[in-house]
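You will see chain A twice below: alongside chain B first, and alongside chain C after that.
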Partner chain A sequence: MSLITSLTKRQPATTSSDPARDIREKDGRLAFWLVVPSLIVLTIVIAFPVVWSFVRSLYGDGIGATPFVGGDNYANALWGNGSAEFWDAARFTYFFTAVSVVLEVLIGVAMALVANRAFRGRGLLRASVLVPWAIPTAVAAVLWKWAFDPNGIVNAVTGWDLIWTGAEGPSTVAIIVADVWKTAPFVALLVLAGLQIIPEDVYEAARLDGANARQQFLRITLPLVRPALLVAILFRLLDALRMYDLPAIMTGGANGTTTLSVLVVQSSLSQLKPGYGGALATLTFLLIFITAFLFVRMLNVNAVEQAGVRTPRKKDSE
Partner chain B sequence: MTTRTPEPTIKGARWRAKKSVHHGSRLSMIGQNAALAAIIVFCLAPFYWMVVSSLKSPDEIFDNSLVPAEPTLLNYEAVFGAENTFVYALRNSFVIAGSVTIIALLFGVLAAYAIARLQFRFKTTVLALFLATSMFPGAAILTPLFQLFAKLGWIDTYQAMIIPDISFSLPLGVWILTSFFRAMPWELEAAARVDGCSRGQAFRKIILPLAVPGVFTTAILVFISAWNEFMIANSMSQTPDAQPVTVAIAQFTGVSQYDKPYGTQMAAGVIVTIPLIILVLIFQRRIISGLTAGGLK
Partner chain C sequence: MRTTQRIAMVAAGTAAVLALASCSSDASGDADPSDGSPAAEDAEGVGPITFASGKDLTGAMPQLIEMWNEMHPEQEVTFLELSASPDDQRTSFVQDFQAQSGNYDVVWGDVVWTSEFAARGWLEPLDAEAVAGDDILPAAVESATYDGQVWAAPFMTNAALLFYRSDLIDTPPTTWAELREDCAIAEENDMQCYAGQFAQYEGLTVNAAEAITSAGGAFLSEDGASVAVDSPEAREGLQNLVDMFDEGQIDPAAITFQEQESANAFLDGSTLFLRNWPYVYTAASEEGSEIAGKFDMTVLPGIDGPGSSSLGGINLGVSAFSENKQTAKDWVEWMQSDEAQRVLVSVMNQASVRTDLYTDPEMVEVSPYLPNLQESLMNAVPRPRTPNYNAVSLAIQQNAYAALQGDVSVDEAITTMAADLELAIAE
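Right after this comes the complex of A and B.
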């Protein structure tokens, strides 16, 4: 496409039509047909339930008639009868997310750096990094539930006699350990892909200029791997904030380990309160949306700054 | 960032570079191996524990020995025993995850190509929409979907799980494919078109082969996320006819119904994980060679 425009630039068009505009319109029509199938699926499975959920949240629960109650379900969740369990779930979800994602990023980046450097044992390393990632979360939950059993391996190795799923602190630790083990390799995998497209010449040039290992990491590796890393963090963030499988299987949400997702499912399906559950669902979505929006917003600012730094250099070199 | 520092003489630079490489390699050999070992233990120890536990009899399982004294396949017999319909669960998981992967990739490749390569007006809106849908917690759409599928008579059918799973994988797929497509050497497409290829030909003959590694990477992610899905399947499937493995394992009964079925669950976990590991090892070569060959060289 860029070639066509450059061709037309070289031979100025004698007609008055604007070829660039033609291309744009053609692109637009093609793009429409390419994007529409995905959008239709998402509309049926996501948009419709979202709207349904929101509308339903404005009505009461009970057998038979469900009267319009407006914002009562929301008031109930935010400062009414349900406020304690809603805010407890929100607090636990954010605590779990913050601790897990930080640990996963640190461990994941470290793993990727080692994997990228390794010459011997590279195959074994890659294979083992992929094992936790490949295990289904439900299976990992059962595995860690067994490991954290009062008679399980964790107590046997540490010599403690903890009933891990019996209190809030230990339950939280167990769930975070399970999640970090399961998904740090996923972060490593995405970062490793980013690391591998950095050409070796760049490091060689830096070494010739006298850059030490730390400078190479901070000035070359980190900036170049940043896009891959940020995407990994974003997806981890979104995943952790709606964590359901691990607490649902390991603790059933007991002892303060109810995440927002577990609370929504409990309220709307188990307790058959789709109205109240709908309100909880909408609130959960809003919290996750705001978090992700802030994260992406901060990225954009940084991306613009980076582009601003890069532009003059690019001009320089050309 | 790159403030010009006085350039060292070529001789000095070479000497310094040589020294640092030499120095670094000897020091890092030990650290490197230690780090490698640590990573492998971190990743494999729990999996090893799953395998070991699966080979222990109900009498032995709680003694926490690192090697089974008397390895037994009792748990594996129980997995495929009459009370656990695990074979059906495996079949169901393959059908569901396979269909999700094919359909999601088909849609995802089209959308990602448009977003990466074409100029159109609502591009940012479309991308934002994908991102927004990927944020929506599955728990929140569960109830409406359950009621909708119940009305259609779809409870306990494959499509009741396939359709939601597609929509969960699409945003991830589109994101990864888009970033992959953006990084591809599109000069080759332009070159092909100068040589007389149509847009479609250039896409099929030049771009598609180059895109294969990225598409496979995405396929693995999508397949595994569909294979791992638990929450939707847990409510949509109610009999062994449609239950995938994740739901089946959580509902296992043990060798004897009085003990905790950990041994049986571990055995089932091993069985479920093995096809994934095989899959990952096969595709891994493609990913690696794809990522290195994908660059324009």
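Right after this comes the complex of A and C.
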């Protein structure tokens, strides 16, 4: 973020001779050169792969020759031979994202509210809530795969006799449960940070005015924690839309649980079709980008402020 | 507004990382066979080499390599152990080949990869007389052959067996009809009748292939150039599996089974028949096993008589980018020798590619399943041999799975499979 800040800061200063501005310009120039290394690294690890993947997606996938095919790979994915699986995957990815993010937010907020109370063993509770988040997704996936085995603990505890990963509905439920278990603590963590900066006297004042618990939550807690909450949702949204590990390990993409990322990996790595795979990756990227953009625009999320980057930017950017 | 733009950029950056996935399979790597050979530094191609292998679950590979290294100190083989997952192994090989680095002189390849690696010009052609002679199992040789040329040295082979509970079954079934009659015995004993591997993964391709080839069907033509699955035989084979699921003769949970889950269902004594690889023998006969002494093995059932197994196994390929090709070729040949293959059978407990070892009394003593396995191997059919194997396998898995789930009729599944295979081999 500081990169963008310093770049925008530099521009208005170039034509002035005000000494204060000169100093700022010097600072700006120094800042610019300080961020150049990061800029180069970002170009190499982000811009180059994205552009290269796009360029590659315009070429074919034959063995030996790979002719230029223009938009054929895209046409194939959107309305050609691959369209059925692409749109099925898109549908499942968005369904999975919607359901799991809603559940994660509800549970995460509840966890944060509990963890924010002062009571004995609070430290232990906060630490234990974070355990699922600390477990790598792939490991969590294997864990839940065992739990949802026909002879696994889920059937043993519930007394059901369900083949969880053998049918569409139960597979979806299993994957969503695993994701919620793993990432609700992440939402809780961010929301807890937001809760802790709400001063206690606001609540005292509310109590004096006779506000009940529900009113306090809706009128004070929620509005004040909103920025942190929206950032948490944004992160979860981006994360859930690129979900790969859970379906790949728990179902192998069977029973309608193929996500867009599973499809990308299947095409580009398993079937060695970098052109078609590149097209799928670019389409997935666009879908996620548009979703995130709409979310940010509609809810006016202020991610940078919340991330704790407090620069003097506000003053001089206007 | 400005903030919004910044957020959008954050979002873009995060999303962009996603696209990295597609980039690791590099565009430039698909080498044309004609320009693929790097100049050998050593004119004779003799010198130390590196053997990139899958995870050595037997722990005995270093012993084999040590034997060679003692005889050839100037041409030492370095053992490089990769992941236990075949998909990860393949990814490592593909990356090495695409980079044309020659870091891996010899690669350990699943039999179904040979065609693809050969077609992409990544393997050095081998001399058929040296590595695919009469003493090597014909089915294994076939798996190493692509477009009339031998591209790898068969090293280990594998075929499936039908495990059954000998305490409950006197004469094992040789046909599916007989097996399904025996399911009454399972019911009497409150057991599941039959288990195989029916989760949607490579194991389902193997099981579906066995059902279809045992009924006289095939997926692709002999040369892999055209689709042959749209036949009454293929429908009959798949229908048999679907009927067994419908009638509860296959454990309903088997729709999620891979090798280990299905083996467990047999090992805990709850299943009458199991289709699996010979390795289950070791676990089943171990001290403390629920079924020790209560099971036996035979060949897979078919429609009118014994069926045919899918062929598993490992072929050793010499990289086209290796600098010491001569040593690499000599070594893979030695890995097939009687000396090396005896270690393979007796120490590693794997199936040899040498025909004569199956009847060798010393070897049968160690692995009593060898005669059954030989019979299974004689009828074994390699999975489709095509450079687009992964796409072909996915088309088989998805359509067979839909039929087993009852989402589509067998007729529809086979028709769609034919269309999907058509696309898979066209790419």
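Just so it is clear, the second predicted complex is superposed on the first by the 270 of 318 C-alpha atoms of A that agree within 3 Å, B and C clash if a C-alpha of one lies under 4 Å from a C-alpha of the other, contacts with A are read in each partner's own complex, and residues count from 1 in each chain.
Everything below uses one rule, namely that a residue touches a chain if its C-beta (ideal position, glycine included) is under 8 Å from a C-beta of that chain, and two chains touch if they have at least 3 such contacts.
The shown structure was predicted, so the numbers you read here are calculated from the model rather than taken from an experiment.
**Student:** For A:91, select first, second, both or neither according to whether it touches chain B, chain C, the two together, or no partner.
**Tutor:** neither
**Student:** Quick one: is A:34 in contact with chain B, with chain C, with both, or with neither? Answer first, second, both or neither.
**Tutor:** Only chain B is touched by A:34; chain C is not.
**Student:** Looking at the overlay, what does A:242 touch: chain B (first), chain C (second), both, or neither?
**Tutor:** A:242: touches chain B and chain C.
**Student:** Just checking: does A:52 make contact with chain B only, chain C only, both, or neither of them? Give me first, second, both or neither.
**Tutor:** A:52: touches chain B and chain C.
**Student:** Between chain B (first) and chain C (second), which, if any, makes contact with A:271: first, second, both or neither?
**Tutor:** second
**Student:** Which of the two, chain B or chain C, is in touch with more residues of chain A?
**Tutor:** Ranking chain B and chain C by residues of chain A touched puts B first.
**Student:** Counting only touches as set out at the top, which of chain B and chain C does A:288 meet: first, second, both, neither?
**Tutor:** Touch status of A:288: both partners.
**Student:** Determine, under the contact definition given at the top, whether A:66 touches first (chain B), second (chain C), both, or neither.
**Tutor:** second
**Student:** For A:81, decide between first (touching chain B), second (touching chain C), both and neither.
**Tutor:** second
**Student:** Considering only the touch criterion stated at the top, classify A:167 as touching first (chain B), second (chain C), both, or neither.
**Tutor:** second
**Student:** Could you list which residues of chain A make contact with chain B in one structure and with chain C in the other?
**Tutor:** In chain A, residues 1, 42, 45-47, 49-50, 52-53, 56, 149, 151, 238, 242, 261, 264-265, 268-269, 274, 277-278, 281-282, 284-285, 288-289, 292, 296 are touched by chain B and also by chain C.
**Student:** Which residues of chain C touch chain A once you look at their complex with the stated criterion?
**Tutor:** 2-4, 6-27, 30, 32-33, 87, 91, 94, 116, 119-121, 199-201, 252-253, 255-256, 261, 387-388, 390-391, 394, 401, 405, 423, 427
**Student:** Can you check the complex and tell me which residues of chain A touch chain B?
**Tutor:** The touching residues are 1-3, 23-24, 27-28, 30-32, 34-35, 37-39, 41-42, 44-50, 52-53, 56, 107, 110-111, 114-115, 117-118, 120-121, 124-140, 142-144, 146-147, 149, 151-153, 156, 181, 185, 193, 196-197, 207-210, 212-213, 219, 227, 231, 235, 238, 241-242, 244-245, 248-249, 260-262, 264-265, 268-269, 274, 277-278, 281-282, 284-285, 288-289, 292, 296, 309, 313.
**Student:** Any idea which chain A residues touch chain C in the complex?
**Tutor:** 1, 4, 8, 42, 45-47, 49-50, 52-53, 56-57, 59, 61-66, 81, 149-151, 163-167, 234, 238, 242, 251-255, 261, 264-266, 268-275, 277-278, 280-282, 284-285, 288-289, 292-293, 296-297, 300-305, 317
**Student:** Can you list the residues on chain B that touch chain A in the complex?
**Tutor:** For chain B paired with chain A, touching residues are 1-2, 5, 8, 13-14, 16-17, 20-21, 24, 28, 32, 35-36, 39-40, 42-44, 46-47, 49-50, 53, 62, 64, 106-108, 110-111, 113-115, 118-121, 123, 126, 129-148, 163-164, 166-167, 170-172, 174-176, 179, 183, 190, 193-194, 217, 224, 227-228, 230-231, 235, 245-247, 249-250, 260, 262, 265-266, 268-269, 272-273, 276-277, 279-281, 284, 287-288, 291-292, 295.
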